[in-house]
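Two complexes are shown next, each including subunit A; its partner changes from subunit B in the first to subunit C in the second.
Right, the complex of A and B next:
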(Lines of atoms letter the chains of each structure in order from A and count residues from 1; the text may use other names and numbers.)
(Lines give C-alpha, C1' and ligand atoms only; values in the text may rest on other atoms or scores of the structure.)
Protein backbone atom coordinates (compact mmCIF):
# COMPACT_ATOMS: atom_id res chain seq x y z
CA UNK A 1 0.00 0.00 0.00
CA UNK A 2 1.50 3.34 -0.92
CA UNK A 3 1.83 6.17 1.53
CA UNK A 4 -1.15 8.16 0.32
CA UNK A 5 -3.48 5.20 0.45
CA UNK A 6 -2.19 4.42 3.92
CA UNK A 7 -2.68 8.01 5.05
CA UNK A 8 -6.24 7.96 3.72
CA UNK A 9 -7.03 4.70 5.49
CA UNK A 10 -5.64 6.05 8.76
CA UNK A 11 -7.59 9.30 8.44
CA UNK A 12 -10.73 7.31 7.68
CA UNK A 13 -10.19 5.19 10.80
CA UNK A 14 -9.90 8.42 12.80
CA UNK A 15 -13.17 9.69 11.37
CA UNK A 16 -14.85 6.37 12.10
CA UNK A 17 -13.71 6.45 15.72
CA UNK A 18 -14.87 10.03 16.21
CA UNK A 19 -18.24 9.25 14.62
CA UNK A 20 -18.61 6.34 17.01
CA UNK A 21 -17.89 8.64 19.92
CA UNK A 22 -20.43 11.14 18.62
CA UNK A 23 -23.03 8.38 18.41
CA UNK A 24 -22.55 7.56 22.09
CA UNK A 25 -22.75 11.23 23.00
CA UNK A 26 -26.08 11.52 21.20
CA UNK A 27 -27.28 8.38 22.95
CA UNK A 28 -26.42 9.97 26.29
CA UNK A 29 -28.18 13.21 25.42
CA UNK A 30 -31.27 11.37 24.22
CA UNK A 31 -31.40 9.48 27.54
CA UNK A 32 -30.67 12.46 29.76
CA UNK A 33 -34.11 12.11 31.38
CA UNK A 34 -34.31 8.31 31.48
CA UNK A 35 -34.53 7.14 35.12
CA UNK A 36 -31.55 5.00 36.14
CA UNK A 37 -29.53 5.65 32.96
CA UNK A 38 -25.73 5.58 33.33
CA UNK A 39 -23.91 7.63 30.73
CA UNK A 40 -21.84 5.64 28.25
CA UNK A 41 -18.23 6.50 27.64
CA UNK A 42 -15.97 5.17 24.92
CA UNK A 43 -12.20 5.26 24.87
CA UNK A 44 -9.82 5.16 21.89
CA UNK A 45 -7.02 2.70 21.30
CA UNK A 46 -4.41 2.11 18.62
CA UNK A 47 -4.91 -0.78 16.24
CA UNK A 48 -2.17 -3.42 16.43
CA UNK A 49 -1.61 -5.59 13.40
CA UNK A 50 0.90 -8.44 13.43
CA UNK A 51 2.52 -7.25 16.60
CA UNK A 52 3.05 -3.62 15.66
CA UNK A 53 0.89 -0.54 15.69
CA UNK A 54 -0.56 0.10 12.25
CA UNK A 55 -1.25 3.75 13.07
CA UNK A 56 -4.99 3.33 12.81
CA UNK A 57 -7.30 4.06 15.69
CA UNK A 58 -10.42 2.34 16.86
CA UNK A 59 -12.94 2.98 19.60
CA UNK A 60 -12.60 0.64 22.55
CA UNK A 61 -15.29 -1.13 24.52
CA UNK A 62 -18.18 0.90 25.87
CA UNK A 63 -18.04 1.59 29.57
CA UNK A 64 -20.66 2.94 31.89
CA UNK A 65 -19.97 5.97 34.02
CA UNK A 66 -20.41 4.70 37.59
CA UNK A 67 -20.82 8.07 39.27
CA UNK A 68 -23.88 8.53 41.45
CA UNK A 69 -27.24 9.02 39.78
CA UNK A 70 -29.02 12.29 40.32
CA UNK A 71 -31.80 12.10 42.95
CA UNK A 72 -34.84 13.90 41.67
CA UNK A 73 -37.66 14.97 43.95
CA UNK A 74 -41.04 14.15 42.48
CA UNK A 75 -43.50 12.48 44.88
CA UNK A 76 -45.99 11.89 42.07
CA UNK A 77 -43.56 9.80 40.03
CA UNK A 78 -44.39 6.06 39.91
CA UNK A 79 -40.78 5.16 40.81
CA UNK A 80 -40.52 7.56 43.75
CA UNK A 81 -39.52 6.05 47.11
CA UNK A 82 -41.04 7.01 50.46
CA UNK A 83 -39.07 10.29 50.61
CA UNK A 84 -40.42 11.29 47.20
CA UNK A 85 -37.12 10.89 45.32
CA UNK A 86 -36.27 8.71 42.35
CA UNK A 87 -32.96 8.02 40.63
CA UNK A 88 -32.54 9.95 37.39
CA UNK A 89 -29.59 9.66 35.02
CA UNK A 90 -26.03 10.84 35.61
CA UNK A 91 -25.83 12.61 32.24
CA UNK A 92 -24.48 16.14 32.44
CA UNK A 93 -25.52 17.97 29.29
CA UNK A 94 -22.66 20.45 29.50
CA UNK A 95 -20.10 17.61 29.48
CA UNK A 96 -21.86 15.91 26.58
CA UNK A 97 -21.93 19.08 24.49
CA UNK A 98 -18.24 19.71 25.18
CA UNK A 99 -17.47 16.13 24.21
CA UNK A 100 -19.49 16.48 21.01
CA UNK A 101 -17.61 19.65 20.12
CA UNK A 102 -14.27 17.95 20.63
CA UNK A 103 -15.33 14.97 18.53
CA UNK A 104 -16.41 17.31 15.76
CA UNK A 105 -13.13 19.19 15.87
CA UNK A 106 -11.10 16.00 15.59
CA UNK A 107 -13.38 14.71 12.84
CA UNK A 108 -12.83 17.90 10.87
CA UNK A 109 -9.08 17.64 11.28
CA UNK A 110 -9.08 14.08 9.99
CA UNK A 111 -11.32 15.02 7.09
CA UNK A 112 -9.03 17.85 6.15
CA UNK A 113 -6.03 15.57 6.13
CA UNK A 114 -7.92 13.00 4.08
CA UNK A 115 -8.67 15.68 1.53
CA UNK A 116 -5.07 16.79 1.47
CA UNK A 117 -3.83 13.25 0.82
CA UNK A 118 -6.29 12.99 -2.04
CA UNK A 119 -5.12 16.26 -3.54
CA UNK A 120 -1.49 15.30 -3.24
CA UNK A 121 -1.94 12.00 -4.99
CA UNK A 122 -4.00 13.66 -7.69
CA UNK A 123 -1.26 16.24 -8.25
CA UNK A 124 1.20 13.37 -8.59
CA UNK A 125 -0.95 11.75 -11.25
CA UNK A 126 -1.19 15.06 -13.09
CA UNK A 127 2.45 14.54 -14.00
CA UNK A 128 1.42 11.70 -16.27
CA UNK A 129 -0.82 13.89 -18.34
CA UNK A 130 0.56 15.61 -21.40
CA UNK B 1 20.39 7.10 -18.65
CA UNK B 2 17.84 9.57 -17.33
CA UNK B 3 17.44 7.84 -14.01
CA UNK B 4 20.78 9.16 -12.78
CA UNK B 5 20.10 12.84 -13.27
CA UNK B 6 20.61 14.32 -9.83
CA UNK B 7 17.70 16.75 -9.86
CA UNK B 8 15.20 14.03 -10.73
CA UNK B 9 16.59 11.88 -7.98
CA UNK B 10 16.27 14.69 -5.51
CA UNK B 11 12.74 15.56 -6.59
CA UNK B 12 11.75 11.92 -6.29
CA UNK B 13 13.32 11.72 -2.86
CA UNK B 14 11.39 14.79 -1.74
CA UNK B 15 8.15 13.36 -3.14
CA UNK B 16 8.69 10.12 -1.26
CA UNK B 17 9.59 11.96 1.90
CA UNK B 18 6.50 14.15 1.82
CA UNK B 19 4.25 11.15 1.14
CA UNK B 20 5.72 9.23 4.06
CA UNK B 21 5.47 12.25 6.32
CA UNK B 22 1.85 12.72 5.33
CA UNK B 23 1.05 9.25 6.59
CA UNK B 24 2.88 9.91 9.88
CA UNK B 25 0.81 13.07 10.34
CA UNK B 26 -2.35 11.14 9.54
CA UNK B 27 -1.43 8.70 12.31
CA UNK B 28 -0.96 11.53 14.77
CA UNK B 29 -4.27 13.12 13.80
CA UNK B 30 -6.22 9.89 13.98
CA UNK B 31 -4.79 9.20 17.44
CA UNK B 32 -5.38 12.74 18.73
CA UNK B 33 -7.65 11.36 21.47
CA UNK B 34 -5.99 8.01 22.17
CA UNK B 35 -4.79 7.84 25.77
CA UNK B 36 -1.01 7.53 26.08
CA UNK B 37 -0.30 8.09 22.37
CA UNK B 38 2.91 10.00 21.66
CA UNK B 39 3.07 12.25 18.59
CA UNK B 40 5.80 11.37 16.12
CA UNK B 41 7.52 13.15 13.28
CA UNK B 42 10.10 12.40 10.61
CA UNK B 43 13.51 13.99 10.27
CA UNK B 44 13.58 16.90 7.81
CA UNK B 45 14.35 16.06 4.21
CA UNK B 46 17.51 18.15 4.21
CA UNK B 47 18.85 16.05 7.08
CA UNK B 48 17.89 12.68 5.68
CA UNK B 49 18.78 13.18 1.99
CA UNK B 50 22.54 13.50 2.33
CA UNK B 51 22.79 11.05 5.18
CA UNK B 52 21.19 8.41 3.02
CA UNK B 53 23.99 8.50 0.47
CA UNK B 54 26.21 5.51 1.01
CA UNK B 55 29.75 6.54 1.82
CA UNK B 56 30.64 3.30 3.54
CA UNK B 57 30.35 -0.04 1.95
CA UNK B 58 29.29 -3.09 3.97
CA UNK B 59 31.97 -5.75 3.63
CA UNK B 60 30.57 -8.25 6.10
CA UNK B 61 27.00 -9.35 6.77
CA UNK B 62 27.11 -7.93 10.30
CA UNK B 63 27.74 -4.36 9.16
CA UNK B 64 24.95 -1.92 9.66
CA UNK B 65 24.28 0.49 6.84
CA UNK B 66 23.12 4.01 7.55
CA UNK B 67 20.76 4.25 4.65
CA UNK B 68 20.83 2.88 1.15
CA UNK B 69 19.07 5.12 -1.28
CA UNK B 70 17.65 8.58 -0.99
CA UNK B 71 14.14 7.31 -0.44
CA UNK B 72 15.02 5.19 2.60
CA UNK B 73 12.51 5.83 5.38
CA UNK B 74 13.69 8.45 7.79
CA UNK B 75 13.66 7.50 11.42
CA UNK B 76 10.66 8.53 13.43
CA UNK B 77 11.24 10.52 16.56
CA UNK B 78 9.06 11.87 19.30
CA UNK B 79 7.98 15.39 18.54
CA UNK B 80 7.86 17.51 21.64
CA UNK B 81 4.52 18.73 22.81
CA UNK B 82 2.69 19.21 26.06
CA UNK B 83 0.90 16.12 27.13
CA UNK B 84 -2.77 16.01 27.97
CA UNK B 85 -3.85 14.53 31.32
CA UNK B 86 -4.23 11.13 29.62
CA UNK B 87 -0.60 11.14 28.39
CA UNK B 88 -1.39 12.07 24.78
CA UNK B 89 1.09 14.51 23.22
CA UNK B 90 -0.69 15.26 19.93
CA UNK B 91 -1.51 18.90 19.30
CA UNK B 92 -3.95 19.34 16.43
CA UNK B 93 -2.60 22.82 15.72
CA UNK B 94 0.98 21.60 15.36
CA UNK B 95 -0.18 18.81 13.10
CA UNK B 96 -2.04 21.31 10.91
CA UNK B 97 1.17 23.30 10.50
CA UNK B 98 3.09 20.15 9.62
CA UNK B 99 0.42 19.10 7.11
CA UNK B 100 0.69 22.50 5.45
CA UNK B 101 4.45 22.14 5.35
CA UNK B 102 4.14 18.72 3.73
CA UNK B 103 1.75 19.90 1.04
CA UNK B 104 4.04 22.84 0.25
CA UNK B 105 7.00 20.48 0.03
CA UNK B 106 5.11 18.10 -2.22
CA UNK B 107 4.07 20.90 -4.53
CA UNK B 108 7.63 22.16 -4.74
CA UNK B 109 8.97 18.72 -5.63
CA UNK B 110 6.32 18.35 -8.32
CA UNK B 111 7.17 21.75 -9.79
CA UNK B 112 10.86 20.97 -9.84
CA UNK B 113 10.16 17.65 -11.50
CA UNK B 114 7.84 19.14 -14.07
CA UNK B 115 10.10 22.01 -15.04
CA UNK B 116 13.12 19.71 -15.34
CA UNK B 117 11.03 17.51 -17.56
CA UNK B 118 10.17 20.55 -19.67
CA UNK B 119 13.84 21.41 -20.03
CA UNK B 120 14.57 17.87 -21.17
CA UNK B 121 11.69 18.04 -23.56
CA UNK B 122 12.76 21.31 -25.14
CA UNK B 123 16.29 20.01 -25.48
CA UNK B 124 14.76 17.26 -27.58
CA UNK B 125 13.21 19.91 -29.75
CA UNK B 126 9.60 19.31 -28.73
CA UNK B 127 7.24 21.69 -27.09
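Right, the complex of A and C next:
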Protein backbone atom coordinates (compact mmCIF):
# COMPACT_ATOMS: atom_id res chain seq x y z
CA UNK A 1 0.00 0.00 0.00
CA UNK A 2 1.41 3.38 -0.91
CA UNK A 3 1.47 6.38 1.40
CA UNK A 4 -1.57 8.03 -0.11
CA UNK A 5 -3.68 4.90 0.29
CA UNK A 6 -2.37 4.48 3.83
CA UNK A 7 -3.21 8.11 4.67
CA UNK A 8 -6.77 7.66 3.45
CA UNK A 9 -7.15 4.41 5.39
CA UNK A 10 -5.89 6.12 8.55
CA UNK A 11 -8.26 9.07 8.02
CA UNK A 12 -11.12 6.62 7.52
CA UNK A 13 -10.22 4.91 10.81
CA UNK A 14 -10.36 8.32 12.52
CA UNK A 15 -13.78 8.98 11.01
CA UNK A 16 -14.96 5.57 12.13
CA UNK A 17 -13.76 6.21 15.69
CA UNK A 18 -15.51 9.59 15.79
CA UNK A 19 -18.71 8.03 14.48
CA UNK A 20 -18.52 5.50 17.30
CA UNK A 21 -18.02 8.32 19.78
CA UNK A 22 -21.07 10.14 18.39
CA UNK A 23 -23.09 6.95 18.77
CA UNK A 24 -22.25 6.80 22.47
CA UNK A 25 -23.10 10.48 22.88
CA UNK A 26 -26.51 9.84 21.35
CA UNK A 27 -26.98 6.85 23.68
CA UNK A 28 -26.20 9.12 26.64
CA UNK A 29 -28.62 11.81 25.47
CA UNK A 30 -31.34 9.28 24.78
CA UNK A 31 -30.93 7.88 28.30
CA UNK A 32 -30.65 11.25 30.06
CA UNK A 33 -33.91 10.57 31.93
CA UNK A 34 -33.31 6.88 32.60
CA UNK A 35 -33.07 6.26 36.37
CA UNK A 36 -29.72 4.84 37.43
CA UNK A 37 -28.04 5.37 34.05
CA UNK A 38 -24.30 6.05 34.09
CA UNK A 39 -23.05 7.98 31.08
CA UNK A 40 -20.75 6.07 28.74
CA UNK A 41 -17.37 7.44 27.77
CA UNK A 42 -15.27 6.25 24.85
CA UNK A 43 -11.49 6.14 24.89
CA UNK A 44 -9.36 6.08 21.76
CA UNK A 45 -6.36 3.86 21.25
CA UNK A 46 -3.96 3.26 18.40
CA UNK A 47 -4.22 0.08 16.36
CA UNK A 48 -1.31 -2.35 16.66
CA UNK A 49 -0.71 -4.68 13.74
CA UNK A 50 1.95 -7.38 13.96
CA UNK A 51 3.55 -5.70 16.94
CA UNK A 52 3.77 -2.29 15.26
CA UNK A 53 1.45 0.68 15.54
CA UNK A 54 -0.17 1.06 12.13
CA UNK A 55 -1.10 4.71 12.73
CA UNK A 56 -4.79 3.95 12.73
CA UNK A 57 -7.04 4.77 15.65
CA UNK A 58 -9.87 2.75 17.09
CA UNK A 59 -12.34 3.33 19.86
CA UNK A 60 -11.40 1.40 22.95
CA UNK A 61 -13.59 -0.29 25.54
CA UNK A 62 -16.57 1.65 26.81
CA UNK A 63 -16.27 2.94 30.34
CA UNK A 64 -19.01 4.13 32.62
CA UNK A 65 -18.76 7.50 34.28
CA UNK A 66 -18.76 6.64 38.00
CA UNK A 67 -19.63 10.11 39.24
CA UNK A 68 -22.60 10.38 41.59
CA UNK A 69 -26.06 10.01 40.12
CA UNK A 70 -28.39 12.98 40.37
CA UNK A 71 -30.89 12.68 43.23
CA UNK A 72 -34.29 13.71 41.91
CA UNK A 73 -37.11 14.59 44.27
CA UNK A 74 -40.33 12.90 43.16
CA UNK A 75 -42.28 11.19 45.97
CA UNK A 76 -44.75 9.71 43.47
CA UNK A 77 -42.06 7.85 41.58
CA UNK A 78 -42.16 4.06 42.06
CA UNK A 79 -38.39 4.00 42.76
CA UNK A 80 -38.46 6.83 45.30
CA UNK A 81 -37.05 6.07 48.76
CA UNK A 82 -38.50 7.24 52.07
CA UNK A 83 -37.19 10.80 51.59
CA UNK A 84 -38.94 11.01 48.20
CA UNK A 85 -35.73 10.95 46.13
CA UNK A 86 -34.66 8.53 43.44
CA UNK A 87 -31.37 8.18 41.58
CA UNK A 88 -31.54 9.63 38.08
CA UNK A 89 -28.77 9.54 35.50
CA UNK A 90 -25.49 11.42 35.66
CA UNK A 91 -25.82 12.67 32.06
CA UNK A 92 -25.14 16.38 31.67
CA UNK A 93 -26.63 17.57 28.39
CA UNK A 94 -24.16 20.45 28.07
CA UNK A 95 -21.21 18.05 28.31
CA UNK A 96 -22.80 15.67 25.82
CA UNK A 97 -23.45 18.43 23.28
CA UNK A 98 -19.89 19.71 23.66
CA UNK A 99 -18.64 16.15 23.14
CA UNK A 100 -20.80 15.77 20.03
CA UNK A 101 -19.48 19.04 18.64
CA UNK A 102 -15.92 17.93 19.29
CA UNK A 103 -16.59 14.66 17.50
CA UNK A 104 -17.96 16.60 14.55
CA UNK A 105 -14.92 18.85 14.36
CA UNK A 106 -12.57 15.89 14.53
CA UNK A 107 -14.61 14.08 11.88
CA UNK A 108 -14.37 17.13 9.64
CA UNK A 109 -10.61 17.24 10.09
CA UNK A 110 -10.29 13.57 9.13
CA UNK A 111 -12.57 14.10 6.15
CA UNK A 112 -10.48 17.02 4.96
CA UNK A 113 -7.34 14.94 5.20
CA UNK A 114 -8.99 12.09 3.30
CA UNK A 115 -9.89 14.52 0.53
CA UNK A 116 -6.43 16.01 0.63
CA UNK A 117 -4.68 12.67 0.11
CA UNK A 118 -7.05 11.87 -2.74
CA UNK A 119 -6.42 15.20 -4.40
CA UNK A 120 -2.66 14.80 -4.05
CA UNK A 121 -2.59 11.36 -5.62
CA UNK A 122 -4.87 12.54 -8.41
CA UNK A 123 -2.61 15.54 -9.05
CA UNK A 124 0.31 13.14 -9.33
CA UNK A 125 -1.57 11.08 -11.90
CA UNK A 126 -2.42 14.23 -13.85
CA UNK A 127 1.28 14.49 -14.66
CA UNK A 128 1.07 11.25 -16.63
CA UNK A 129 -1.65 12.58 -18.88
CA UNK A 130 0.43 15.30 -20.47
CA UNK B 1 32.78 0.57 -49.66
CA UNK B 2 33.07 -3.04 -48.62
CA UNK B 3 34.57 -2.09 -45.28
CA UNK B 4 31.73 0.36 -44.71
CA UNK B 5 29.07 -2.21 -45.30
CA UNK B 6 30.89 -4.62 -43.01
CA UNK B 7 31.00 -1.93 -40.30
CA UNK B 8 27.32 -1.22 -40.84
CA UNK B 9 26.49 -4.91 -40.58
CA UNK B 10 28.55 -5.21 -37.40
CA UNK B 11 26.87 -2.13 -35.95
CA UNK B 12 23.51 -3.57 -36.79
CA UNK B 13 24.41 -6.88 -35.17
CA UNK B 14 25.62 -5.06 -32.04
CA UNK B 15 22.52 -2.91 -31.77
CA UNK B 16 20.12 -5.68 -32.60
CA UNK B 17 19.52 -6.79 -28.97
CA UNK B 18 18.45 -3.24 -28.04
CA UNK B 19 15.38 -3.53 -30.25
CA UNK B 20 14.48 -7.05 -29.12
CA UNK B 21 11.46 -7.24 -26.81
CA UNK B 22 12.46 -7.40 -23.17
CA UNK B 23 10.47 -10.09 -21.34
CA UNK B 24 10.77 -8.53 -17.87
CA UNK B 25 8.40 -5.50 -18.28
CA UNK B 26 5.66 -7.86 -19.43
CA UNK B 27 5.78 -9.59 -16.06
CA UNK B 28 5.56 -6.27 -14.24
CA UNK B 29 2.56 -5.22 -16.34
CA UNK B 30 0.84 -8.55 -15.75
CA UNK B 31 1.44 -8.15 -12.02
CA UNK B 32 0.05 -4.60 -12.10
CA UNK B 33 -3.00 -5.84 -13.99
CA UNK B 34 -3.60 -8.63 -11.48
CA UNK B 35 -3.20 -6.14 -8.61
CA UNK B 36 -5.70 -3.91 -10.33
CA UNK B 37 -8.19 -6.75 -10.77
CA UNK B 38 -7.71 -7.73 -7.13
CA UNK B 39 -8.39 -4.14 -6.00
CA UNK B 40 -11.57 -4.09 -8.11
CA UNK B 41 -12.68 -7.39 -6.66
CA UNK B 42 -12.03 -6.22 -3.10
CA UNK B 43 -14.06 -3.05 -3.67
CA UNK B 44 -16.88 -5.11 -5.12
CA UNK B 45 -16.94 -7.30 -2.03
CA UNK B 46 -16.86 -4.26 0.28
CA UNK B 47 -19.67 -2.58 -1.68
CA UNK B 48 -21.80 -5.71 -1.49
CA UNK B 49 -21.27 -6.01 2.27
CA UNK B 50 -21.93 -2.29 2.81
CA UNK B 51 -25.15 -2.37 0.80
CA UNK B 52 -26.35 -5.31 2.86
CA UNK B 53 -25.58 -3.35 6.02
CA UNK B 54 -22.52 -5.34 7.06
CA UNK B 55 -19.53 -3.05 6.45
CA UNK B 56 -19.29 0.53 7.60
CA UNK B 57 -19.57 3.27 4.97
CA UNK B 58 -16.04 4.51 5.68
CA UNK B 59 -14.52 1.28 4.41
CA UNK B 60 -16.70 1.53 1.31
CA UNK B 61 -15.65 5.12 0.60
CA UNK B 62 -11.98 4.26 1.13
CA UNK B 63 -12.18 1.25 -1.17
CA UNK B 64 -14.05 3.21 -3.83
CA UNK B 65 -11.55 6.09 -3.73
CA UNK B 66 -8.64 3.67 -4.09
CA UNK B 67 -10.29 1.82 -6.94
CA UNK B 68 -11.07 5.08 -8.69
CA UNK B 69 -7.39 6.00 -8.51
CA UNK B 70 -6.39 2.52 -9.71
CA UNK B 71 -8.74 2.77 -12.69
CA UNK B 72 -7.44 6.22 -13.56
CA UNK B 73 -3.87 4.91 -13.40
CA UNK B 74 -4.74 1.94 -15.60
CA UNK B 75 -6.52 4.10 -18.17
CA UNK B 76 -3.67 6.60 -18.25
CA UNK B 77 -1.14 3.81 -18.69
CA UNK B 78 -3.18 2.31 -21.50
CA UNK B 79 -3.43 5.67 -23.22
CA UNK B 80 0.32 6.09 -22.95
CA UNK B 81 0.96 2.64 -24.41
CA UNK B 82 -1.44 3.22 -27.31
CA UNK B 83 0.10 6.62 -27.93
CA UNK B 84 3.58 5.10 -28.04
CA UNK B 85 2.41 2.38 -30.40
CA UNK B 86 0.87 4.93 -32.76
CA UNK B 87 4.03 6.97 -32.59
CA UNK B 88 5.97 3.90 -33.75
CA UNK B 89 3.46 3.26 -36.54
CA UNK B 90 3.80 6.82 -37.76
CA UNK B 91 7.58 6.51 -37.88
CA UNK B 92 8.90 6.83 -41.46
CA UNK B 93 10.90 3.72 -42.31
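Note that the second predicted complex is superposed on the first by the 129 of 130 C-alpha atoms of A that agree within 3 Å, B and C clash if a C-alpha of one lies under 4 Å from a C-alpha of the other, contacts with A are read in each partner's own complex, and residues count from 1 in each chain.
As a working rule, a contact is a pair of C-beta atoms (placed from the backbone, for glycine too) under 8 Å apart; a residue touches a chain by one contact, two chains touch by 3 or more.
Quick caveat, the model's predicted, so the values are computed rather than measured.
Chemist: Let's test your reading of the overlay: on subunit A, do subunit B and subunit C clash or fit side by side?
Modeler: On the shared subunit A, the partners fit.
Chemist: Once the structures are superposed on A, label A:119 by its partner contacts, choosing first (subunit B), second (subunit C), both or neither.
Modeler: first
Chemist: Report for A:90: first if it touches subunit B alone, second if subunit C alone, otherwise both or neither.
Modeler: In the superposed model, A:90 contacts neither subunit B nor subunit C.
Chemist: Quick one: classify A:28 as touching subunit B (first), subunit C (second), both or neither.
Modeler: Neither partner.
Chemist: Which chain makes contact with more of the residues of subunit A, subunit B or else subunit C?
Modeler: Of subunit B and subunit C, more residues of subunit A lie in contact with B.
Chemist: Consider the C-alpha centres of subunit B and subunit C from the C-alpha centre of subunit A, and write down the angle between them to the nearest 10 degrees.
Modeler: Apex at subunit A; the opening toward subunit B and subunit C is 40 degrees.
Chemist: How far apart, in whole Å, are the nearest Cα atoms of subunit B and subunit C in the superposition?
Modeler: Minimum over all C-alpha pairs: 11 Å.
Chemist: Would you tell me the residues on subunit A in contact with subunit B in one complex that are also in contact with subunit C in the other?
Modeler: Looking at subunit A, the two contact sets intersect at 4, 8, 13, 114.
Chemist: Write out the stretch or stretches of subunit A touching subunit B in their complex.
Modeler: 2-4, 6-8, 10-11, 13-14, 17-18, 21, 43-46, 55-57, 102, 105-106, 109-110, 112-114, 116-117, 119-120, 123-124, 126-127
Chemist: Would you tell me which residues of subunit A are touching subunit C in their complex?
Modeler: Subunit A residues touching subunit C: 4-5, 8-9, 12-13, 15-16, 19, 114, 118, 121-122, 125, 128-129.
Chemist: Given the complex with subunit A, which residues does subunit C contribute to the contact?
Modeler: Going by the criterion above, the answer is residues 56, 58-59, 61-62, 65-66, 69, 72-73, 76-77, 79-80.
Chemist: Which subunit B residues qualify as touching subunit A in the complex?
Modeler: 15-16, 18-20, 22-27, 29-35, 37, 92, 95-96, 99, 102-103, 106-107, 110, 113-114, 117
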